[in-house]
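Notes for the one structure printed next.
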Amino acid sequence: MAEIVSLPEAVAELVRDGDSVALEGFTHLIPFAAGHEVLRQGRRELELIRMTPDVLYDQMIGMGAARRLVFSYGGNPGVGSLHRFRDAIEHGWPAPIEIEEHSHAGMANRYLAGAADLPFAVLRGYAGTDLAAHTNVRFIECPYTGERLAAVAALAPDVAIVHAQEADHAGNVQLWGIPGVQKEAVLAATRSLVTVEQIVERLEPRPGAVVIPGWVLDAVALTPRGSQPSYSLGITERDNDFYRRWDAISRDRDAFLAWMAEHVLGEVLVR
Amino acid sequence: MAEIVSLPEAVAELVRDGDSVALEGFTHLIPFAAGHEVLRQGRRELELIRMTPDVLYDQMIGMGAARRLVFSYGGNPGVGSLHRFRDAIEHGWPAPIEIEEHSHAGMANRYLAGAADLPFAVLRGYAGTDLAAHTNVRFIECPYTGERLAAVAALAPDVAIVHAQEADHAGNVQLWGIPGVQKEAVLAATRSLVTVEQIVERLEPRPGAVVIPGWVLDAVALTPRGSQPSYSLGITERDNDFYRRWDAISRDRDAFLAWMAEHVLGEVLVR
Amino acid sequence: MSEASADEVQTIVAARALAHTKTVFIGVGRPSTAAILARMVHNPSLVLVYESGAIGAKPFHIPLSIGDGELAATADAVVSVPEMFNDWIGPGRIEVAFLSAAQIDRFANLNSTVIGDYDHPVTRLPGAGGAPEIAANCERVIVVIPHSRRTFVERLDFVTTVGYADGPGARQRLGMRGRGPTAVITDLGVLEPDPSSAQLVLTQLHEGVTVENARDATGWDLAVAEQLSVTEPPSDTELDALRELLAR
Amino acid sequence: MSEASADEVQTIVAARALAHTKTVFIGVGRPSTAAILARMVHNPSLVLVYESGAIGAKPFHIPLSIGDGELAATADAVVSVPEMFNDWIGPGRIEVAFLSAAQIDRFANLNSTVIGDYDHPVTRLPGAGGAPEIAANCERVIVVIPHSRRTFVERLDFVTTVGYADGPGARQRLGMRGRGPTAVITDLGVLEPDPSSAQLVLTQLHEGVTVENARDATGWDLAVAEQLSVTEPPSDTELDALRELLAR
C-alpha cells in the first residue's frame, strides 16, 4: 500500500547505491524533481533505465551517478545532442559508462514482459541491424509458423519512479495525457515511487486517464511542478526554452557543474 | 476508412458463409443486433470465436449457423448452462459442432498476438491441466531463463463485430465502461464492423473511453439498443431478467425455435 | 431472527476468511456475495477484483454477471481483459482468489469443463474461463463449493484447474507462482491441505454437522484433523448484513 | 515573396509526397513540418501518428518534441508506447513513415547510432529510437535528409535501420512487412530505389541544382535516371503556408 511521504523520505527509503532505477515519462511527466533528489542524496553506481534519456539523465550521468545506462534514444528532443551523455560515452567523463541500447519497440516490450512477470517478450524487430550484435537480444522460432522473431529479456528495475498529476489519500494515482510506459515501468519494478502535482480528496475520472491503484505502489510524494521542465498536462507547461538553453549549459563541463551546483544540489543546502 | 452503412448492408458486405467471425464484448456491449442480422441473412458454416459465448452464441449455435466454436467460457453468467450450446456439444443438435477451447488468459493473448500481427503469444498458463491435451497450445523455452511457457497461436478472424456507444461521421468509434477485448478483436481481424448506439457530431472525450480510429474499420452501422439484453453503459441497462428467462426459453428445442422465429427471424419478414 | 441456513453459514465463513486480506479475485455467485459481505462486516478496505477488468469495485448490489455496470462504475480502475490477465493475475498481484467448480478431488484440483468423456460428454460445463491461470498465479486460492458426492469425487472427469496436482512439489514443477488452495469452504465445514501430503483434511465443521455427514458427502476416504474445530456460529451482525445484502 | 530556400523546397517536396497518403508516422524536425504542411495545403484528412502515442494529432504549431501537449490534446486517440509499437507500427497499419538519419548508404540503410567505432565512438548519436521497427513494418518509408558527403556515405558506420540491406530480396529474407524506402528527399533532389538493384538512383533535381552538385554531395558513385525530372517550383500557396507555419 502506498505511503504518502515527503520526496526526500521516499528517495531515502527506496533508492540505494547500485540499484537499477527506471525514471520514466515519454517526453511528458518526466520525474525531474525525484531525479534531482536522487542526486542530492548522493546515490552512485546506478543502472539507469529509460527509453528516452533526455535532459534529466544527461544531468544524472554528468554528475557521475550512473555506472550503466539502458536506453533506446538519447537525444534532447527537437534540439540535438545530449552533451553529458556523449561526453560520458565518448570520453568517459566524469566516469566511464556501460551502455545497453535497444530500439523503442524492444524497450517497450521489455517493460511489458516485466509488468507481466514473464521472462521475455516477442516482437518482430532488430532484424538486419547492427544493434542485434551490440545488445542483449535473442531470436526464437514461432512454434506454429517457424518464423524467426526477436525475444527481448524482461526489464525488472529495482525501483521505478514516475510522475503523475494527482493521487488521493489512499495513494491511488491518476495521470492523463501521453501515458508513455509509466504504468508498465511501475508494475515491472520491485519498488515504486510516484511523485504527484497534487493530493486530492477524490480522483475525478478523466478522459484518457491511467489509474494506478495505491496498493501496487510503495510511496507517493507530493511534488508540485515535479516534472519541470517537462510538463504535467493540464497543470504545467513544457518549458521548451529550457530544453533549448540546456544545449549551451551542458556543452561545457564546468558550466554544467556550476549550473547543477546552483540549481540542483544547492537546494539541499537551504533545506 | 469506415463507411457508415445500415446494419443489413454491413453484414451482407462483410460476413460470408464459412467465415471465422468474432463477436466480442465481455458481458458489456455484446453485439446482439449484429449477430441476429447474421442469422437473418442465413449465414452458415461459421467459425464462431468469442471468449464468453453467452446467450448470443447460444442463439447462433441453436440456429445451426456454426460449424466450429472457439471459446473459453460457455455459460449464462450468473444463471447457469447455455442449453443450446450444451445440446450441440452433447447431442449434435441441430448439427454437430467442433470446439476449440482455451482459458481466458489464453484467448486474451491470442487476440493480443492477432492485434500485433505476431504469430503467437507467450503466457504462464495451461500447465498441469487436461486442457493442454485437448486444445491448440504449445510450450516453448525462454531463451534467457530456460523456463517452459505456453505459446498460443494468434487469432486472426475474418471478421470482428463489436458494439460501441458512439461514432462520429468519419467512423471514429468511442466506447466506455468495461472494455473487454473488443479493440484487440477489431485489430486482429481482417474485416471489422462496429455497431453503435448513436452517431454524434464530435466524440467528446470521456473517462475510461477506448477510441478506435475509423481508418482501421470497414463499417460502422447505427444500431440503437444493439447490445440488448446486454448493455451499453450510460445508454442502456443490462436486462438481467431476460438472461434469467433465457434459461427456460432455451431448455426446449421447440420453444427455442419458436422464440427465435418470433423475436429474431420474424423481424426480417416485416422489413 | 431465524437460524442460519447451511448456505448462509458457508457464505459467512467465506466472508470471514477475507477479514485480513488486501485483495480478492472473485467471480459471480456465492464467492461474490461472500466478498461483498466481507467488505460490509469485516474489512471495508478489501479490494475486489473481477475478471471483467474492474479493480477495486464497490458493488452495493450482488452483481448477476461479472460485467454488471455497477462494477465498472464503482471501480478504482477498469482495465481490458488482456491487461487483467497479463498484468494483474499472471504476476500474482492478487492475494486471494475465490473459485468454485463442478468437481473437486482430494488434491483440490477442480473440474469445470465436462462430466463424462471430453469428446462424448454426459454434461458439458461452461469451461475454464479464467480459473487455470487465476489458481496458478494468485497468492492463494480459497475454494467455495457445495459438499456432496457429486462434487467431491475420487477422480475428476477433467482437470480444468490445478490445485496440488498429484501431490507435494507438483505446483513448483509446473512453474506456478501461487501457493495453491489453502482452504475449501463448504456448506458442511472447512477442509485444508495437509502440508506433507497436499491432500485435503477436514479441519472444521459447521455447528450441527457431524464427521459422518462430511464423510458421507465426500467421494473419497476423507481424512479428519486431530483438532477438529467447530465453526463459530454466525453473529447477528453477520446474518443481518447477509440477509440485507441478499434483499437489496 | 522571396525565393524559396533549398530547405524550404525540401520541406515542400516532402509535403507533396503525402498528398494522397492516408496515414503518416513522423518524428520531430523537418518531417513533422512537412506533414503539417501537407495537412494545410494538400491533404487535410491526413492522419499524423507520433511515436509518443498520438494518433490523428492536428497540431497548429510545429511541435518541439514528439510529446508536446498539443499533440495529445488534438489527437483522435492517444495510446501507450507499448501499444503504439505492438498494435499500430508492428502490424503495418501506418502507410508512410518519414525518417531521417545522420548517414544513409546506397541501399537506403540508415545510421543514427554512432560515427566511428561503436565501442570508441568519434560521435555518439542518439540511437535507434523507433526507427528500426518503423522502417521494417510501415507500408513504405520516405527518408528526408540533408544531401552531403557527410550523410551520403559509401559505408555506414553502423546499420541502425534497414532500407534494402544488401540488395533485392533482403527485406523479405529478414521478415520485414513493409516495402522499404520508396523515396529519399533531400535539399538537392529526390532519389528512388532502382527496382532491380534496390540501389538509390537520382530521379529528380530541385530547380537550379545540377547533376554535378548532387554527385559532389554523394559519397558513392551516384546513378542518375535516364528521365531526370525537375522539381515543380514551390507555389505561392505552398511557400506562404510553410512560412506562416514556421512563424506560428
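Here the chain labels run A, B, C and D in written order, and each chain numbers its own residues starting at 1.
In this text, contacts are C-beta pairs under 8 Å (C-beta built on N, C-alpha and C of every residue); 3 or more make two chains touch, one makes a residue touch a chain.
In this text, all values refer to a predicted model and were calculated from it rather than measured experimentally.
Chemist: Which neighbours do chain A and chain D have in common?
Modeler: Common neighbours, chain A/chain D: B.
Chemist: Which neighbours do chain B and chain D have in common?
Modeler: Both-contact set = A.
Chemist: With chain centres set to the mean of the C-alpha atoms, which chain is at the far end from chain C?
Modeler: The most distant chain relative to chain C turns out to be D.
Chemist: Write down the chain pair with more C-beta contact pairs when A-C is set against B-C.
Modeler: Higher contact count goes to B-C.
Chemist: Please tell me the distance, in whole Å, between the geometric centres of chain C and chain D computed from their C-alpha atoms.
Modeler: 57
Chemist: For chain A and chain B, let me know how many angstrom lie between their CA-based centres, rounded off.
Modeler: 39
Chemist: On a C-alpha centroid basis, what's the spacing between chain B and chain C, in Å?
Modeler: 28
Chemist: Could you pull out the residues of chain A that touch at least 2 other chains?
Modeler: Counting only residues that touch two or more other chains, chain A contributes 112, 116-118, 123-124, 147, 149, 184, 208.
Chemist: Name the residues of chain D that each touch 2 or more other chains.
Modeler: As it turns out, chain D has residues touching two or more other chains at 86, 90, 177.
Chemist: Just spell out which pairs of chains touch, all of them.
Modeler: A-B, A-C, A-D, B-C, B-D
Chemist: Please give the residue numbers of chain C that touch chain A in the complex, ascending.
Modeler: Residues 22-23, 47, 55-56, 76-77, 86-87, 90-93, 177 of chain C touch chain A in their complex.
Chemist: Which part of chain D faces chain A closely enough to touch in the complex?
Modeler: 28-29, 51-54, 63-69, 71-73, 78-82, 84-86, 89-90, 113, 118, 121-133, 136-137, 158-162, 165, 170-171, 174-177
Chemist: Give every residue of chain B touching chain D within the complex, in rising order.
Modeler: For this pair, the touching residues of chain B are 1, 112, 115-118, 172, 184, 187, 203, 211-213, 215-216.
Chemist: Enumerate the contact residues on chain B facing chain A in the complex.
Modeler: Per the stated touch rule, the residues are 116-124, 138-140, 142-145, 147, 149, 151, 153, 205-209.
Chemist: For the complex, which residues does chain A have touching chain D?
Modeler: Touch list, chain A to chain D: 26-28, 51-52, 71-75, 77-79, 81-82, 85-86, 89-90, 101-105, 108-109, 111-112, 123-131, 134, 147-149, 177-181, 183-184, 208, 210, 231, 233, 237-238, 240, 243-244.
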